[in-house]
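In the two complexes below, chain A is the common chain; its partner is chain B in one and chain C in the other.
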Partner chain A sequence: MILSTITKTGDGVAANAWSLSAQDVAEIALGATLLGAGGGGDPYLSQLAVRHCLQSGQSVEVIAPEDLADDACIACLAGFGAPTVEAEKMQSSAAMVYALRAYESRFGRRIDALIAAEMGGGNAIVPLLAAAETGLPVIDGDGMGRAFPELQMTSYHLNGVSATPFVLADDHLNVVTCELGAGAPEKMAEAFARSATIEMGMQAYIVCYLMTGAQAKRAVLAHTLTLSRVVGRAIAAARSDGDPVRRLVHLLNNAMQSQAAIHLFDGKVTDLWRSTEKGFAKGWCQLEDLKGSGATARAQFQNEYLLFSIDGVSRAMTPDLICLLDRETLQPIPTPDVRYGQRLAVLGIACHAQFRNAAALQVVGPQAFGFDEVYQPLQQLAPGSGSR
Partner chain B sequence: MRIGVDVGGTNTDAVLMNGRRVVALCKQPTSENISDGIVAAIGAVLAQSGVAPQCIRCTMIGTTQFTNAFVERRGMQPVGVIRIALPSTTAVPPLLDWPADARETIGDHCYLVGGGYRYDGRVDSHLDEGALRTAARALCRAGVSSVAISCVFSPLNAEMEQRAQAIMRSEIPGAAISLSSQIGSIGLLARENAAVMNASLAALSQRIVRSFRDALRRLDIDSPFYISQNDGTLLGADDVERYPVLTFASGPTNSMRGAAYLSGIDQAIVADIGGTTTDIGMLVNGFPRESAMTADIGGVRTNFRMPDVLALGLGGGSRVRNGRLVTVGPDSVGYRLTQDAQVFGGETLTASDIACAAGYVELGDCRRVADLPAKFVSDAVAEIHAQIAEGVDKIRTSATPLPLILVGGGSVLVRDPIPGVAQVITPEHAAVANAIGAAIAQVGGEIDRVYAYDTEGRDAVLAAARQTARDRAVAAGAEPDSVEIVDIEELPLAYVPGGAVRVRVKAAGDLALDNAEPVVNSNIQR
Partner chain C sequence: MILSTITKTGDGVAANAWSLSAQDVAEIALGATLLGAGGGGDPYLSQLAVRHCLQSGQSVEVIAPEDLADDACIACLAGFGAPTVEAEKMQSSAAMVYALRAYESRFGRRIDALIAAEMGGGNAIVPLLAAAETGLPVIDGDGMGRAFPELQMTSYHLNGVSATPFVLADDHLNVVTCELGAGAPEKMAEAFARSATIEMGMQAYIVCYLMTGAQAKRAVLAHTLTLSRVVGRAIAAARSDGDPVRRLVHLLNNAMQSQAAIHLFDGKVTDLWRSTEKGFAKGWCQLEDLKGSGATARAQFQNEYLLFSIDGVSRAMTPDLICLLDRETLQPIPTPDVRYGQRLAVLGIACHAQFRNAAALQVVGPQAFGFDEVYQPLQQLAPGSGSR
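Here is the complex of A and B:
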């Protein structure tokens, strides 16, 4: 019914609409763990909550961005805070819905559909939970195609959609709204949201990046929810293969494009260093070649894995995805879970083409995270190593 | 002198040790009534050695009884689940990820009440005592007498859980209470799951610990006894009675610690070959390597730190079949080995029969398997070795050849070299490595909480945390001079300001046996 007002088809069912099953949600969550590139938090709890809703008779409709009416009103909904706090406070649909309603009443807009900020980690699932509660559809897409640590690191921002005004609400139903003055840098939205979230106990929901259907068609990374499900399905299918990592890379390249995923290294974690700076979990882990060649690799992280090198030579860097997985189970290993002695495969996955231009690289490239490196695409850094 | 006992699903083993020396050992079938098997095993080692019961300074018991009960859904009871969390956590109610059969036993007695802390341990919501009392009365009416209590961020501050415990006790006479803060670390759902598992075994644990006590009484052993817990350290019997889940992973830990002790090697691969299964793990610095994965036990997600163990369906009781290919396992005759195996006069061909036919060992009457075709026997032997080789290859972390230590009653099944292994070692007394692991167990102390490095300083925090862990180990009964810090983990909390770091420090030391009455009471608050 809502669909008919916002999709072009107008007959109540969008051409590319689908209704999520519990199985879809589990696959999306698994895929989003890989696409999180080490960050974004564990989607386990959120997907449990969504599956619970589906089993209780609620439903989640997904629509493709190209099927949106140009004047539809789309809002991005995300959890904002710290994964550790989420591990304790889990999720509150009531706070999510409250944030949406607060946005509508404060800014006089009626929200027609929801979209994810990031397709990595728990925030891939958060809009699905709110959708189940409200009946609003979710758009098959996001603003990162992976996880990134900051609010402005999105294709929305890069396409001129502003994060503000935004609304933050916590589970006590405290609400903070934020509007930036003309000319204020977008990074201030992140700073305001971060400091309000600290006062909220490091868990809140943010409604932001309000956009029209017309804007969304340009600004959204399309079909990434579907991609996440495909990736999750590929992981599950490859697990039972005799050579799971090789099988997964093959499946990923079939699903995306040739050479989108590259198997960069197989190693055992032999050293690990962590620190915390300005609230970001920084560090690196060192891996030694499992085949005994003596090669040493290093994955540097700041919430997500950002830079990967073998014997000092860069092989993959942000915004391309660097994913560490257990070689046997293919379970993606988030940065907080890396432990000495783990035997891991390192995959590089090409980021969305939107992130590879100069303007985008200023926001999400290596230098945006304080590295000296100049971005080079994964495929150039690792020539011919796809069948490693 | 001390006694180590391993009460497994198939066998009950006992060893008598004098300092570091094994004086006597015995393997008995586990009895339906557990205490009979213990009496038989300990009675035998005392008789063999001629040592009087009064000379036993303490007894250490390792057991998989509680794990097995939960996995097999045996002896479980309904549980009242109290989560102190409102207004948080509502999208993920308790028991959401439990398998239907376990959930059915637990029943539908879940209550969310107001309360909980923030990430820094400050109050987030005040405890709703009225709601707690209402829930307690409802549980009372439903006849539920075991209650699991969890609370948001209770590992940082357990006050609300303890207050809720007091209220439950006042409203439900004789209630058994399980507090999540006593069991698990950060991660509410997994910690709550563990508390509910624990509560579901409340009556069973009383019965089993009572049967341990009863066995020792019948043997005239009146010195203290301890039960080994997940990390290989000891817990007092009273604590196990209240927190049986703390023993869930002790089986593989004991066998691997025992293997290290018996072989004198502390970097190796260990295969513990039992009656039904083989557990393969890695020994690093004399301790089992821990798994990085969340541990699923009986289909329920927990955040226990378990040894990284690969279980194979191969053991002394594994059925051997001669079909198109010779197969061994995964099914086993289990505890009926001494009746069903052919060398013992039974009808079933088992891996133990093959070991006898191959001349690896003499059990029962080996003549009964003398006419098995030689080709069949050698194929079955090859299959057993191939299964072990595959397991070893899966668990190893590098291509560097490591020694393989074989322990457990089924260690006689393997004698030939295993590819990729430096040498295969079957130490003396390998069959009772588990009981030896229990006998040499240490006493531990642990701290796990979030500190602010920016205000307190990293060095000061770590020094304080190490001291607390040491103090707790000593308070739990460790010899002060022997206490060492065995593990330090620092995990900076992403996005949290102030340099918040979760610090986990574990200390362990030898049990102080010189005291007249060593008091092991672990870190559990009464």
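Here is the complex of A and C:
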């Protein structure tokens, strides 16, 4: 039994371990689509695949990071590329497992447990699917508490864990590995992964950020799989309300404690530009105020929504979460799915506190994406907050 | 003693083995610069490094491919990228050796001997330098008998040896590896290697085409290191002649038997365009007839000279060799070194017979580089050959 070797208690049943139900998976997928802030890929097919595994008698054990044995060996598994191509290139659990096995054989390490790179969209589900296929447990946590587009944009990196060595595999079972030389910046790992993924047709699976249990306790944003499930439940519960957006914001603020959610805008999509370039889905969408005030809002994205402004005034910035939802169904809208005419609510959600210091903002702040804006927290950008 | 395990005789002294002298290295470097047909990189610094090793007491043993034991393990080692950047990024024997060791550790194979990917320019010397540093012997042969720009353009590939798994390493000791999935085209290996090399600053070392001695006997173009030395000696001998170009053509035709050399043109460089794009040095140069006939010639290149025409009529095409030399010194001019005002002789040299069948021409013929021309052998393109 693997659990007995990687949890502190050693009795095979970790204090906070739980076994995923099919409903858990559906709720996590829904919640992670919101937390993905437009990115992370569409979880629809991969969550169906996990639920199919569970119905076939396979199981997925979830372990809290604080219960890990210090010498357990944890690796990230994630889809990598541009979510735009998912309509053409479906998730491949064979490629996920192939990447894991290639990692183990090429670098001589046995992986004890999987963790998500990002708790966003399909990438919240990818480790669950590989876990169902392999019997490996999954850690309740991730490296972003949301989705970001680049490999180095993680709490793992900010806490000194390298993304390399990494293994990339695609659905043709082509495998590319990378090890950085001493002193090479982590952004080189992103560059190697991105260029190989472009050759792989924009979609690959990456095994990276190998860490010990001791490192994971420092570097992991804990309990974000649970948070996804809570958010998914909140969305489902708010749907039946007469004012679903307001109800959802209320539930999120109850559930997330420090991570305040703010309802920023209601608009109809009136213009849209997108381009798949350098392995990313880049672009922006424009929304006009549904109440007829004439106000115009814009959300700029690179896989994820990164900057949201109303009449040219910034109202939310990465690393805070910018989430676009259908106003009626509360379905979160990933960036590849924004369409002309959609009537959307825009929510801002404060990012994890780890990402708000100067060192983190160099990696995930607006300027890391080439924007001129200097990061200001969501709450300070609100009209009447007194700080502007 | 490594030789005893990889040669058929098993006595440590193969029938056709020889030990490189410093003069051999200089002659090989000069000959391979001609055979490089404009590509393969500048051998100047790497041949100095090999000669320094020899003067320091290291040695390089050369083995004829026919003397290999069938189970010997041979690998290609080559510089990879665009030769344009060599002025800024010097050869790194540490990176070469690092790539070899990474190959052995990641893929669990011990490499017994090295061979060149191409007998062109610096890539004729790279295996010699790594051999001097490691004590490994070098095979007298290569996979092109010239230089070509892409990884799959080899007799190895045409004889069923895959370029993958490969290892790329750069001078910062970043390492990227690649294994293709079953059925993936070899051009995918080129695509992965090229994109990683671009991230490495356009220059890396590749270890690839692992093969057994038995495979090498089929797939290697034999004795081309010796041929390079012969060509280098011919250039040196012809320099002192009153009509050096004519003398060189005479010596080459004596030395190369089936590979006829033709003196195609004498011209002054009057126009030049170059661009470093997608990891290649692409462009063309234009020459005006030195005799004042008004004839204008053009050589198009992608790392190597690939197509040569006079007044719009093709006179030499890849895979035949197109070689530009200084008319006075007979110094072969690699594509990065062509300059306005140079007075050059243009030679055509018939390629190895292996490259003239239909299957080979799909890999190395004009259309493999996007030209419309259908390959015609050098001799048939000569005016008055009767076949045009």
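Please note the rule applied: the second predicted complex is superposed on the first by the 372 of 388 C-alpha atoms of A that agree within 3 Å, B and C clash if a C-alpha of one lies under 4 Å from a C-alpha of the other, contacts with A are read in each partner's own complex, and residues count from 1 in each chain.
The rule we apply is simple: a contact is a pair of C-beta atoms (placed from the backbone, for glycine too) under 8 Å apart; a residue touches a chain by one contact, two chains touch by 3 or more.
Here the structure is a predicted model, which means the values were calculated and not measured.
Asker: Just to be sure I read the superposition right, which of the two partners does A:V313 touch: chain B = first, chain C = second, or both, or neither?
Answerer: Touch partners of A:V313: none, neither chain B nor chain C.
Asker: Would you check which partner chain A:T177 touches, where first means chain B only, second means chain C only, and both and neither mean what they say?
Answerer: second
Asker: Hey, is it chain B or chain C that touches more of chain A?
Answerer: The larger set of chain A residues in touch belongs to B.
Asker: Touch check for A:A359: first (chain B), second (chain C), both, or neither?
Answerer: Neither partner.
Asker: May I ask you to decide whether A:S93 touches chain B, chain C, both, or neither, giving the answer as first, second, both or neither?
Answerer: The answer is first: A:S93 touches chain B but not chain C.
Asker: Per the contact definition in the header, classify A:I198: touching chain B only (first), chain C only (second), both, or neither.
Answerer: So A:I198 meets both chain B and chain C here.
Asker: Do chain B and chain C touch any of the same residues on chain A, and if so, which?
Answerer: Comparing the two interfaces on chain A, one with chain B and one with chain C, the shared residues are 172-173, 198.
Asker: Please give the residue numbers of chain C that touch chain A in the complex, ascending.
Answerer: 102, 106-107, 170, 172-184, 188, 191-192, 195-196, 198-199
Asker: Taking the complex as given, what residues does chain A use to touch chain B?
Answerer: Those in contact with chain B are residues 39, 45-46, 48-49, 52, 81-85, 87-95, 129, 149, 171-173, 194, 197-198, 201-203, 268, 274-276, 278-283, 288, 290-292, 303, 326, 328-329, 331, 333, 336-337, 339, 341-343.
Asker: What residues on chain B touch chain A, complex-wise?
Answerer: Against chain A, the touching part of chain B is residues 85, 87-93, 96-97, 116, 118-119, 124-125, 152-153, 186-189, 282, 284, 289-290, 292-293, 394, 397-400, 453, 490-497, 499-502.
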